[in-house]
Amino acid sequence: MPNVTKLFMGQEPTKGCFIDGVDLIQQYKAIRFKTVDICEPLEIEDMVIQPVSYVSPPKWHLAHTTWFFVNFILHRYGVNFPWPDDSYPQLFNSYYKSQGKHWVQGRRGDLSRPTVNQIICFRRDVDEALVSWLLSFNGDVPFDVQNLLRLGLEHEQQHQELLLMDIKFILSRNPSKPAYLKTIQRADPQANKKPLKNSESDVWCNDGGLYEFGENLKDCRFCFDNETPRHNVYLNPYNIEHKTVSNEEYANFIADGAYEEPSLWLSEGWDFINENQIRSPLYWYSNQGAWLEYTLAGERELVLNAPVAHISYHEAYAYARWANKRLPTEFEWELYANHKPREGAKFELFQESNLAYAHYPEDQNHFTNVNGGLWEWTASTYSPYPGYTSTHDAFGEYNGKFMINQMVLRGGCFATPKGHYRTSYRNFYNATQRWPFTSIRLAGDSV
Amino acid sequence: MPNVTKLFMGQEPTKGCFIDGVDLIQQYKAIRFKTVDICEPLEIEDMVIQPVSYVSPPKWHLAHTTWFFVNFILHRYGVNFPWPDDSYPQLFNSYYKSQGKHWVQGRRGDLSRPTVNQIICFRRDVDEALVSWLLSFNGDVPFDVQNLLRLGLEHEQQHQELLLMDIKFILSRNPSKPAYLKTIQRADPQANKKPLKNSESDVWCNDGGLYEFGENLKDCRFCFDNETPRHNVYLNPYNIEHKTVSNEEYANFIADGAYEEPSLWLSEGWDFINENQIRSPLYWYSNQGAWLEYTLAGERELVLNAPVAHISYHEAYAYARWANKRLPTEFEWELYANHKPREGAKFELFQESNLAYAHYPEDQNHFTNVNGGLWEWTASTYSPYPGYTSTHDAFGEYNGKFMINQMVLRGGCFATPKGHYRTSYRNFYNATQRWPFTSIRLAGDSV
Amino acid sequence: MPNVTKLFMGQEPTKGCFIDGVDLIQQYKAIRFKTVDICEPLEIEDMVIQPVSYVSPPKWHLAHTTWFFVNFILHRYGVNFPWPDDSYPQLFNSYYKSQGKHWVQGRRGDLSRPTVNQIICFRRDVDEALVSWLLSFNGDVPFDVQNLLRLGLEHEQQHQELLLMDIKFILSRNPSKPAYLKTIQRADPQANKKPLKNSESDVWCNDGGLYEFGENLKDCRFCFDNETPRHNVYLNPYNIEHKTVSNEEYANFIADGAYEEPSLWLSEGWDFINENQIRSPLYWYSNQGAWLEYTLAGERELVLNAPVAHISYHEAYAYARWANKRLPTEFEWELYANHKPREGAKFELFQESNLAYAHYPEDQNHFTNVNGGLWEWTASTYSPYPGYTSTHDAFGEYNGKFMINQMVLRGGCFATPKGHYRTSYRNFYNATQRWPFTSIRLAGDSV
Amino acid sequence: MPNVTKLFMGQEPTKGCFIDGVDLIQQYKAIRFKTVDICEPLEIEDMVIQPVSYVSPPKWHLAHTTWFFVNFILHRYGVNFPWPDDSYPQLFNSYYKSQGKHWVQGRRGDLSRPTVNQIICFRRDVDEALVSWLLSFNGDVPFDVQNLLRLGLEHEQQHQELLLMDIKFILSRNPSKPAYLKTIQRADPQANKKPLKNSESDVWCNDGGLYEFGENLKDCRFCFDNETPRHNVYLNPYNIEHKTVSNEEYANFIADGAYEEPSLWLSEGWDFINENQIRSPLYWYSNQGAWLEYTLAGERELVLNAPVAHISYHEAYAYARWANKRLPTEFEWELYANHKPREGAKFELFQESNLAYAHYPEDQNHFTNVNGGLWEWTASTYSPYPGYTSTHDAFGEYNGKFMINQMVLRGGCFATPKGHYRTSYRNFYNATQRWPFTSIRLAGDSV
């Protein structure tokens, strides 16, 4: 039996029921539907190409997440489900060496086949086979199957966010700057002009001391192995800002010549921005002295009081250094996030302060579960927690093998599925990546 | 007025009538229709990607050939035709520096937009505007317009062949090896078993002397500037084989260890095959001791007596050296091709001897105009003929600026439009290209 | 005045006297002499080339360390010392953006001039000018000058170790495998056959808890800024081995197929070893089933019970995973190193257990100050300690700007100058580097 | 016996006597001495490095030319001469696949050993062994040995020119711009101010017709295989300038914006100059509006009426196009060179017209045999002459395997050994090379 219990921790599943008390099969169907639904505004052409190696064609995401269920559930439990073509196991394995050969990641865009239609059919057939098999348990799905199913759905939801990252990147390459979202309905059309609330400039202070971090199994419905074990960390006194850095503040940083001043940058960061001629966030375009920004709703004028987005760790680091501050560690962030300034609303904090409306339309039905704004770079490297070990099987390849040369991001973003919002969640990217939905929150040492 | 008369030579167009005596507008419609028709068996996904830099997405060909008519005819003559999007002039200019900026050739596959549908509409709108404008001349289209139109159509036909090259390459990358042609109807199902005719092993001998080459304006309906001027070349006595090299012969070359024997190869060729780990023609796959070949009809067993195809110049050179022969010069080839062994049938010679049925279905309606088999590498570099000069305008960019580090191919292939078959036609590729439909004809010195 | 006091911390220098109670000028002369002396066994040819970008020509080290004294002392204090050539400031600035342009690091080997002789003369002239200037203070050298001088000498000593790393790499590229050391005098010629002491397989255990790390200013004669501030770290219970991994153990790891087993490797590590075809430590060569090793004394049979050396972090990580252990964090290592199993001899521990005699001759006079064996990879990323900040001037470029994508090594090696041995010293390299003198010490979690 | 007679053609050697009537052994000693003498002004450091892959370290040339005599003469005839080290055969084989493995060309600069001294000793030992063996024939050296010896010496002389090309490149990389030649003694210090003679602007005209080219065996003392066979070529009427293009003319070409005007360039040339940011000849440096040039005598002001040098074929092509002329074919050049305007002085023509004094000191004793100026690019690709075949052994690797993607240069330069001056000599480089001593002569079509 697969060692999946090593990969995530959580309460014992209850009989036949699953994921926040919702019916197992309904949950499966809803999540699987949403993945396809995200692609609904796209043309077939948008779903095929791979303009840079780290961006995958949307059709590949649709197939890979489905491969996950076939490979790790149907075939492990001996359910008869023939691959539509002999090439599927190789084409749609992302990087699991233990699962056989896989197609080179950077060449996914070389493949015109299977077509989008064939992949949609593949999804439908797998969904039918899986649901039919689950129904055959008559409401008594074994716990290990429930666990694998949960993992598959968490995995699928991670790819839902990746899909939006990749879609934005793919569309942005077109000189015509097409919109993913047809219309933008803002709750407050004056939003980009209203002054920030006074309280938003405040900082939260902590006196330091010994704290426990990592997921607490007792409270946990689900978490990944990299969020565990719970362990002690000693913090020095520190302060952290309630508000993330705004576009206006970042534009000031640019105007101050920060991209030309080497003393602000890490050595690799300086080389990175110069070799790639980076002089602004990923989707900013200078237009006769004004800044335009490409968003999922198309190109438009920069919204000054929205949080800056799509900056690399290197840019976040340089900004903090320019502001005579620093980035918080992941533990400083987590402690802050757990502080719950208002009862029952710890994540709304981020939603409000991030003013994320500039980046997505709040009332589009695609994003009804949005409750946050943008991921936040931390000063922490993606390292194992004390006592963490990954297994030597496929599930050991899920998180552990990436624990090198990556920085931790915390929080979540508008594109992050609701269930993934937890203060212990550790997202990670290398210091040069700009296509995730990233932002900057500043911190400092208190005396 | 554009200097297009410098780019090609030919008889003065006759009033209102055009291209082999066929009505001008009918001709335009037929050629334009065929380009789209070539893409008919494709999925949209096949039309978008660019797996290597020298292969263009099929949808790009559809748009670029249309850009040609807008840019070089409609807009030059002041016909009002607004571009569907501001990006079109840049996106669909291939490499004409004189016509403004152009998108980097190797990044055409980064663009999902405009979509295939939008490009089809663009074609339709351009065709309507152009035909309507031509009709407004009431049967008296000026000669310079006729000339430009002819050039646009010749250009379009060149891209028809490129389309088939690129389609084959794109489809072949898919591990499922999809077929472009649904069924294969062979005139003679025993063809790949029948022995070669005795006469096919014969050579044609020539005693050498001073000959004229290049297009003869008096006989010429149309030719490109690079085929001119007509000029004298002195040839030594030589012989040339009636038959091109077969798959079986080429398999023997491989089996003899030729790809491991450096003395057979040019220095650059040896580096090329080793750096790219080339050990057989482009579309050959070894399968438990037998050779399979990817064709436009899908993967199948190698047809032994079909001509070898998709080899680079380097491989053709090494084969000839292995066989103690050499490749013919382009002039030796042209003299041979003009020899007309049978009256009125000089190109059937190639058709018969090439046994090209292995590579295309003779009676598919897509290829009713096929009258040859495969291009043939010559030993000649692509250099200007004595007295040739290219203009400094856009038409000077058509042929002249590529006259470096390229080898001449002669003949034509099954995918070459009928009107392009002439013994003076100079095709060219660099010595490493394998995706054109290429083959080998051997020659030797006579004492 | 330069902000050098930010770069390192230490006791206030005493009047006129300096560095472990030794006379300032004598100390300067001794260290400067040793750098040149390290190059004494070399041919001029060895001092010029740069076979890979991260290895510098030895003559460059000789010039760069001298540039440091001219740029940061002589010229800062207005001492008249003209550069021998206008190009010197640019050529011998390593990477200090604040100090003007610098020659590209990877192209140092393009320069045949200045010659070795010219650089030796440059050193001599600078030494004369500096000593003469120091003497002019009549025994009362200002503290800030003393501080800068100390920094220059610590810097010079860091380059002494780099010199030996680079020399070994450069010589090893020659197929003739020349020796840097003429003869090898071992204390015990049977050393590679004697069994390990029983005690060497023991581990040291710690129950965890809250500890202080980083340099303690009160005890500190000198340390770099990256070793500060002193701060609390909470450790879980752990154990750590007294002995580092031996060549024999590492050979078993190889023989077990570890380089072909992806589940042992980090994802980047797996790509690294495969793209570079790495299948053994840097200087190992397989010879008919036996292992040879290139050492500074030339090529010879692998000494089985010597510690394995010249492995990347990726290999150290995979080895630990294969052994069902892990690497220690830098704090676990430091606590262990401070444990002082025997009074006054905390570093001899490493010397003995490392059996480093295989890698250098103990009684060569070049290395009389050797008291350790090899650097040890830790599981810690090179991150700033809580409260650390680097300045925005040149000294802020010394350490802080490299705090990304690097792993910490602790200990010191036979080539490390004696004065650099302290348990708080943080060396760092990226996870793929193999040319430093690196080794593996294993640790584990205690229940 | 080696098939060396295939590689070059010439008169039967006379008994014991050799090369222009000079004693065999004296000739050998003189040529071998000169190679080392060329390196006399260098520092050891200059002889080791390889700043770009196509430039070899001077010490490598010294060793390779010696390897040639050991490998192709001493060892072929069974003379006992052990290699100084097992690595020599591999290290100093340039590219002869038939002679076993060879070190990668672009990594010759990775080798600090053998040292310059060791290589000088290797040369001395080989010279002693070879001369002693030749003496043992008592004045009756067999013809085949004479042939091989002659080939070795011609080869050595080709490397003498390469040495000067590489030395100039290596020294020029140093920002201090060191001089190879200590002083410059010009016959006429006013030379760069004197007006060109009227006759120098004249062109030579030819009415065209059928001519024979290639070396005529009857008149030939020695030639390479690539200069044969003699064969007929038909030429159109043409004209060719007596004078090559001057620095002043080339500076006008630059000032006219030619490097920014795509219509002047071949497509590959345009990409080449832009990717490498080329805006002037290789050794030109712009200094406040004036041009400086690096020469073997160091950096100095551009001599305006000296011929332009160190331009690529692409630049020569663009210049000719800008001037509404073209480059001559190699046959047009050869016919012109053979025309002998003054009796017995066909090459002085080039010497005078080239004004080559700007590039070398006429009366330096290193170059007493100088009788020409600079190589001249032709419009001809380096293709085999009709009937040419190269053998499959080592000598077939000498010339034939490079006959692809190279352009022919004709003439010779100041660094070309006297014996290599013949109007049939075919030098060749690819179109992007600028470090040979190249220049431009213009031609045109006559009506």
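The chains carry the letters A, B, C and D, assigned in the order they are written, with residues numbered from 1 in each.
Everything below uses one rule, namely that contacts are C-beta pairs under 8 Å (C-beta built on N, C-alpha and C of every residue); 3 or more make two chains touch, one makes a residue touch a chain.
Just so it is clear, the model here is predicted, and its values are computed rather than measured.
Participant: Starting from the defined contact criterion, work out which chains touch chain A and chain C both, please.
Facilitator: Shared contacts of chain A and chain C: no chain.
Participant: Treat touching chains as neighbours: how many steps, at the fewest, connect chain B to chain C?
Facilitator: Minimum number of steps from chain B to chain C: 2.
Participant: Looking at CA centres, what chain is most distant from chain B?
Facilitator: C
Participant: So what's the Cα centroid distance for chain A and chain D, whole Å?
Facilitator: Taking the average C-alpha coordinate of chain A and of chain D, the gap between them is 61 Å.
Participant: In whole angstrom, what separates the CA-based centres of chain A and chain B?
Facilitator: Going by mean C-alpha positions, chain A sits 48 Å from chain B.
Participant: Find the geometric centre of each of chain B and chain D from their Cα atoms only, then give the gap between the two centres in Å, rounded to an integer.
Facilitator: 39
Participant: Give the pairs of chains that touch; include all such pairs.
Facilitator: Those chain pairs which touch are A-B, A-C, B-D, C-D.
Participant: In the complex of these two chains, what residues of chain A are touching chain C?
Facilitator: Residues 95, 97-98, 210, 231-236, 262-270, 313-314, 326, 379-381, 383-384, 386-387, 389, 392-393, 396-397, 401-405, 430-431, 445 of chain A touch chain C in their complex.
Participant: For chain A, which residues are in contact with chain B within the complex?
Facilitator: Chain A residues touching chain B: 43-49, 51, 59, 85-87, 90-91, 107, 109-116, 170-171, 173-176, 178.
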